[in-house]
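Letters are used for the chains, namely A, B, C and D, taken in the order the chains are written, and counting of residues starts over at 1 for each.
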Amino acid sequence: MTTAKIEKLDRLIEAHAEARDARSGSLWRQSVRRMRRSPMAISGAVIVGLFVLVAILGPWIAPYDPTAQTWGREVFLNRSIFPGPRPENWLGLDHLGRDMFSRMIIGARQTLLVGVVATLIGFVAGALVGGGAAALGTFGGRWGERVEAAVMRAVDVALAIPMLLLALSIAALMGPSLTTVMVSVGVAQIPIFARMMRGSMLAQAHSDYVLAAISIGVPKSRIVVAHIFPNSLGPVIVQATLVLATAIIEAAALSYLGLGNPDPGTPEWGTMLADAQRFLSGAPQLAIYPAVAIIVTALGFTLLGEAMRESLDPRLRRQE
Amino acid sequence: MLRYTVKRLLQLSVALLGLSLLLFAWFKALPGGPENQMLPENATLDDRAALRESLGLNEPVWVQYLEFLQRVVRLDLGSSLSSGRPVATELADRLPATIELSLAAMVIAVGIGIPLGYLAARKRGTWLDFAAVSGSLIGICIPVFFLAAMLKVVFAQELALLPSTFRLSSGLQYTDVTGLRVLDGLITGEFNVAGDAFLHLILPAVALSSIPLAVVVRITRASVLDVIGEDYVRTADSKGLKPAVIRGRHVMRNAMLPIVTVIGLLLGSLFAGAVLTESVFSFGGVGSFVYQATQERDYPALMGFILVIAVSYVVLNLIVDLSYGLLDPRVRVRK
Amino acid sequence: MALLEVEDLRVAFGAATAVDGVSFTVDQGRVVGLVGESGCGKSVTSLAIMGLLPRGRGKPAPVQAAAAESAAGIAPVAPQPKARKASRSGADVSGRAVFDGTDLLSLPPASMRRRRGSDLAMVFQDPLSSLNPVVTIGRQITEVLQRHRGLKGDKANREAANLLDRVGIPDPTRRLKEYPHQLSGGMRQRVLIAIAVACAPRLLIADEPTTALDVTIQAQILELLKDLVETEGTALLMITHDLGVVAGICDEVNVLYSGRVVESAPVRELFARPTHPYTVGLLGSIPRLDLGTHEPLTPIRGSIADVIRWKDGCAFAPRCDRVAAACVEGEPALVGSSHVHRCVMAEEVA
Amino acid sequence: MALGLFTACSDDGESGGDANTAEDFDFTCPERTDTDAVKDEAASESTPFVFGTPGEPSSLDPALASDGETFRVTRQVYETLLDTECTDTVPGLAESFDQNDEGTVWTFHLREGVKFHDGTDLDGAAVCANFDRWANFKGGFQSENFTYYYSAVFGGFAENDAEMGMESESIYQGCEADGLDATITISKYSSSFPHAFTLNSFAIMSPTSIDAVADATIEAADSPQPDYAMTPGSLAGTGPFTIESWDHAEQAVTLTRNDDYWGEKAGVKTIIFRTISDETARRQALETGDVQGYDLAAPADVQPLVDAGFQVPTRGVFNLLYLAYAQGNAPLEDHKVREALSYAVDRERIVNSVLPPGATVATQFMPPSLEGWSEDVVEYGYDAEKAKELLAEAGQEDLSIEFCYPTDVSRPYMPSPKDIFDMISSDLEAAGITVTATPITWTEYIPTTRSGECPLYLLGWTGDYADPYNFLGTWFADASTEFGLTADDQAIFDAVAAATSEPDEATRTELWMTANETIMEELPGLPLSSSPPSIAFAANVYPPNASPLTQENFAQVFFTQQ
């Protein structure tokens, strides 16, 4: 009789324990769960997903060769005759009689390429610079501190030049090309990544578990490599998602400034938009298609990044 | 406060020095070396040699750097390849326009952004919040030059509501005081000029303010949300203070700190944005000048611009930092 | 009659019930303690009385409903101390908190605001975060003087100086111009107290006023509070997890566990004859000099997290040494007159 | 020889043999149809006529400039001995002139009663003062950045400054004044004369104002313009307008009417030239009424503008766009390959779809409006198959070649280089040729292409005055890297030299025709098109006569009644 009661109690406690486990869980797991609930994250993920899918499958989706001026004799720039959407060309023709739809599809891949490569450049270089500086500053003794100070000064100086301007001056050196866009946008991002990486590493460096590790005599190099560095990446990765959006937009800006990819063969949204600005009155659609594509994609990455940031940020988490 | 200021000033000078190094490196790295950028299309080898000599390109690098510094300090930035006029003069002529434009954009960004961001935070989770947030996200994602062009097509061409070319209607007589037309008009009492200039300012300023506005809204919202949750706000509440007082003295005053910093950083994006907007509106500022310079690889002009912008940006941020010191006693009094 | 009479106070954040029918009274000039582990709902109770909880949608969901919503039919954990930030929907408060004849809970916000800071004031736990970092000490004191006593300019400043002086801050006039970060922890706490007593409140609520301070300072602050109560005849509601503090200052004690009062008695009575196993546990877990050093400490096993719903029996059961079948036979009721407790096994404990 | 050669505007307007050029198109200057326009006196007096220009003038002293934007302004203020109407040389400040048979002595008979803006009278002495001034330029003045045209026409200066790269002997012998006559002697005839006297760089200015600025100096080739050249009113001319102000901040040059002008007074009181660098922005400015006219309208904008009721008068064509074959690069030495390339390019498509209305396919290296244009040149009509065959014969089936184009410009003869490049390269690809795109910025483009580094590249030329040498001489006078012409191509050089040094007009024309035929036989490049740069005006404006040389005379402008 009483045993039954005790069992009941145990059952209650077990049940409760399970529920508690469900409630806790690792930071990442938590944030992922939180993001599943946020419309921001979902819509962002969907957009990005679609974009990446198109970028990858582009060549199979695109009905025509995006560079073939197949309908060249149907377009008359000088009389502003640009055949619009029709059965064989869903989005009509561009100013040289190429299939706009195919160009948009293939353009996605180029755009993604630019965004990713640029961001990677900024990310890797930035993380190394910032991370290295922080590591030296924390564990490198006086000498290390000096180096860190010097490096971060340099970073600050670079930060003093507006990003687009930095990209612009680099691009001006290299002359217009796809590489130029990627490199200049990427390099322009290095300072920010460096700052963030340093910031989040210092935060980690002063956290209790590191002090603990030091106190029990784990070699500093090992602490940095095995604990601090990986643990500091989180916020920087989030930043990367946001930078991807910026990179795509900046790339468009560079194209507008005539520093973009000049090769007519490979369509890229930024270049297409910049190039179509001149037809804005005669054939606005030529500009609007790529513009919308860019805005939506950038929005996708931004939404995703913001959602990730919020879900990782303890301060904001509190408010959930 | 003094210590703080001095510290900042030292940092400033370091930054400027670093900047000059960066610029020098850049100038040296130009394709084919600096002289090519200065030579006319039809220059002979002798011209080249002469120029190399006159530029002291045969000297050791550090000497060149010192000379470069001297020239920069003397504001001798060479002459623009496209216009043939001294870059310094070109910039001097056009800077006021860009300053006026940037100020206008900043006014919009701050004047609308902070209240909007505050409301969004207070009404967290309502449609207004949603609108503000998504609006600002989109604002960040629209390529500035495209937005500018669209604004122009819609408001100037289709609706014919606002002027969209130049800073002033042609033939309008004005007296130049500060170079900021609206201000000048008010100072000299030429209100027609002020009005005309103001109208011409609207579209470019709106286009230019898109990104700053978005950022200000978001940062304000975030930092207000943060502050509202703070214990001292609860304390203020427990004192039974009037909501207005709590909002002003306890919430906003703390929330302003991050906002001010961000505004400082935004100035940069404004200058950069000017390069993308001005040319669309033929708003004869530094922006459109550099737009051309970039198209034509007018390196002396480009260098002059980078120099001016970077320097003013550094200086402006110093000012922001100092004002930050005024706002936040912890910065001011510490140590 | 009682100055403050709390009756069947319930606070719920959405599905989570933080305070589950708490009742107690505070008499003029008395010091009453609310004791319990963090998360037992004591802070929430005080905030509810002060009307500082974000307004919710209305009456709290009855426990059953809450259970239905919450995962696996398990009673939700009590919210963290920063509970007021916990839920967008805000807190649903019900019950009565009658202060000098008027029910504070049913007051419109405006008039509640008029009482806050004047009739009833509060001292918070963390003195640093509770003071506005960018506003001078002086301003933070004078603003309340201005609001409730209409003092302005020099008069206000002079009064503020007096207050600082009264809470034992040396060189008050200089301090007035300083900022929180320039003061030590103890000083800050004194400033908070000065603010609280600025308008001679009749009820002072102190939420863990000493927790954030080191021991020597703690004593001083307690002294200060005691002294204020004696001189001003202010009633003090002391919220703490520290029985030492309770012993030092309180007249009566209410022990809270998982949102309910489990034992309530005059302080000596409670220390002499703790009835509820939880109270016993609390007492057992503080070191005592009068017992021999061979006596081991007897901590309470488990944590506040493993609770079951009062509805299913005694919420403390899972952690209780004396748990028996009876404990999970429905809700245990409060029994006793001057010394009340909520334990079915009470007689065995005694 | 008899008094000046002022034939009426010649109408040798048969289309260039190519079936697909607009047959009915008048190559020179179409008759105006809007002669009945009624002037709106009030408006013309009160409202300024604002004209949007692609760029700012570089100087207010035409002697120190060589760019169209400067001349657009200075031409309204400073006049030349001879003038151009359509493409013909007509009287200017000189009513007529004599030349000796060798064409080395030129005597100009000046108009009577012409006054400079500063009140001094125009006479022979004044003219000579100007010529002597130019001849005696020193130091930086001699740099081609400033006095390009003087050294181009007269070879050099009295005292050449080696530092400025001046070696060649000046052909200017001197100038003698006799009342209203001025006699200029040169050592060697070239067919540039007398047309060269129409160049605005050789505009006549008041001797007093020249003396006033005589002590101005220019240090180096890259020095800025001297101050006087930046200050309005420092030089007095004779033209229908005077320069009132140059507002650098607003990028506006304001001209006011010269009310004691010797000829017909200007139509409007004030003209403002404002710089709008972006072509789209220029169009929008016209549409929104911020300007009443602008130059270099993008081809894509012409039709929309016309539809919207704006005036886009067609200019006569006086330029040439070509695709150069730099024979310095291996495969191009083979004549067959050059032929193949020429057959592969569909020039009609370019003309019909990208170039502005009035453009024609070019068959030779000069526009059809010039004396000496030949109908009997070899033409290379579009024929992809033939191109493939020729490549096969040449053993170049899988030819792969580099193709350069300028990125950041729109030239009068080449509105949108990138589009034209895109079309040509896709044509070449179609003929089985692999094309490597090499975009180059304009400033680097000229030197690069000159050096012959680019096997294929687009370039063109706008005529300064109506003389074939101004075109053919520019390219084929001598061995050059830009086309990779060497001693083997002596035939071409000789043909050009023979023509330009022939003082007798009739014979000279014949010689020019032969020259053209020789060149197209040799095929150093493929002439693509001649296309009129578009200029646009508001509906309520009586526009100036559209000039093939883009030398509009804005004194003709006035506001009309609607």
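Brief remarks follow.
Methods note: a contact is a pair of C-beta atoms (placed from the backbone, for glycine too) under 8 Å apart; a residue touches a chain by one contact, two chains touch by 3 or more.
To keep track of the chains, here are their UniProt names: A, B = ABC transporter permease; C = ABC transporter ATP-binding protein; D = ABC transporter substrate-binding protein.
Because the structure is predicted, anything quoted here is derived from the model rather than measured.
Each step here moves to a touching chain, and the least such steps from subunit B to subunit C number 1. Chains making contact with subunit A as well as with subunit D: B.
Legend note: the chain whose CA centroid lies nearest the centroid of all displayed protein CA atoms is B. Using the average of C-alpha coordinates as each chain's centre, C ends up farthest from subunit B. Separation between the centroids of subunit A and subunit C, computed from CA atoms only, is 48 Å. One finds 41 Å separating the Cα centroids of subunit B and subunit D.
One finds 25 Å separating the Cα centroids of subunit A and subunit B. The geometric centre of subunit C is 92 Å away from that of subunit D, both derived from CA atoms. Within subunit A, contacts with two or more other chains are made by residues 175, 258, 277, 280-281, 318-319.
For subunit C, the set of residues touching two or more other chains reads 82, 85, 88. Each of the following residues of subunit D touches two or more other chains: 280, 284, 408, 441. Those residues of subunit D lying in contact with subunit A across their complex are 279-280, 283-284, 298-304, 349, 352-357, 359, 407-408, 416, 418-419, 421-423, 425-426, 437, 439, 441.
Interface of subunit C with subunit B (complex): residues 50, 52, 82, 84-85, 88, 112-118, 121-122, 124, 126, 129-135, 139, 143-144, 147-148, 179, 181-182, 192, 195. Every residue of subunit A that touches subunit B in the complex is listed here, in rising order: 153-154, 156-158, 160-165, 168-169, 172-173, 175, 245, 249, 252-253, 256-259, 273-274, 277, 280-281, 284, 287, 291, 294-295, 298-299, 302-303, 306, 315-316, 318-319. Of all residues in subunit B, those touching subunit D in their complex are 31, 38-44, 46-47, 50-51, 54, 78-79, 81-86, 89-90, 93-94, 96-97, 149, 152-153, 156-157, 160, 163-171, 176, 179, 279-282, 284, 288, 291-292, 295-298. Within the complex formed with subunit A, the residues of subunit B that make contact are 11, 14-15, 18-19, 22, 26, 29-31, 124, 137-138, 140-146, 149, 153, 157, 222, 225-226, 229, 268-269, 271-273, 275-276, 291, 294-295, 297, 299, 302, 306, 309-310, 313-314, 317.
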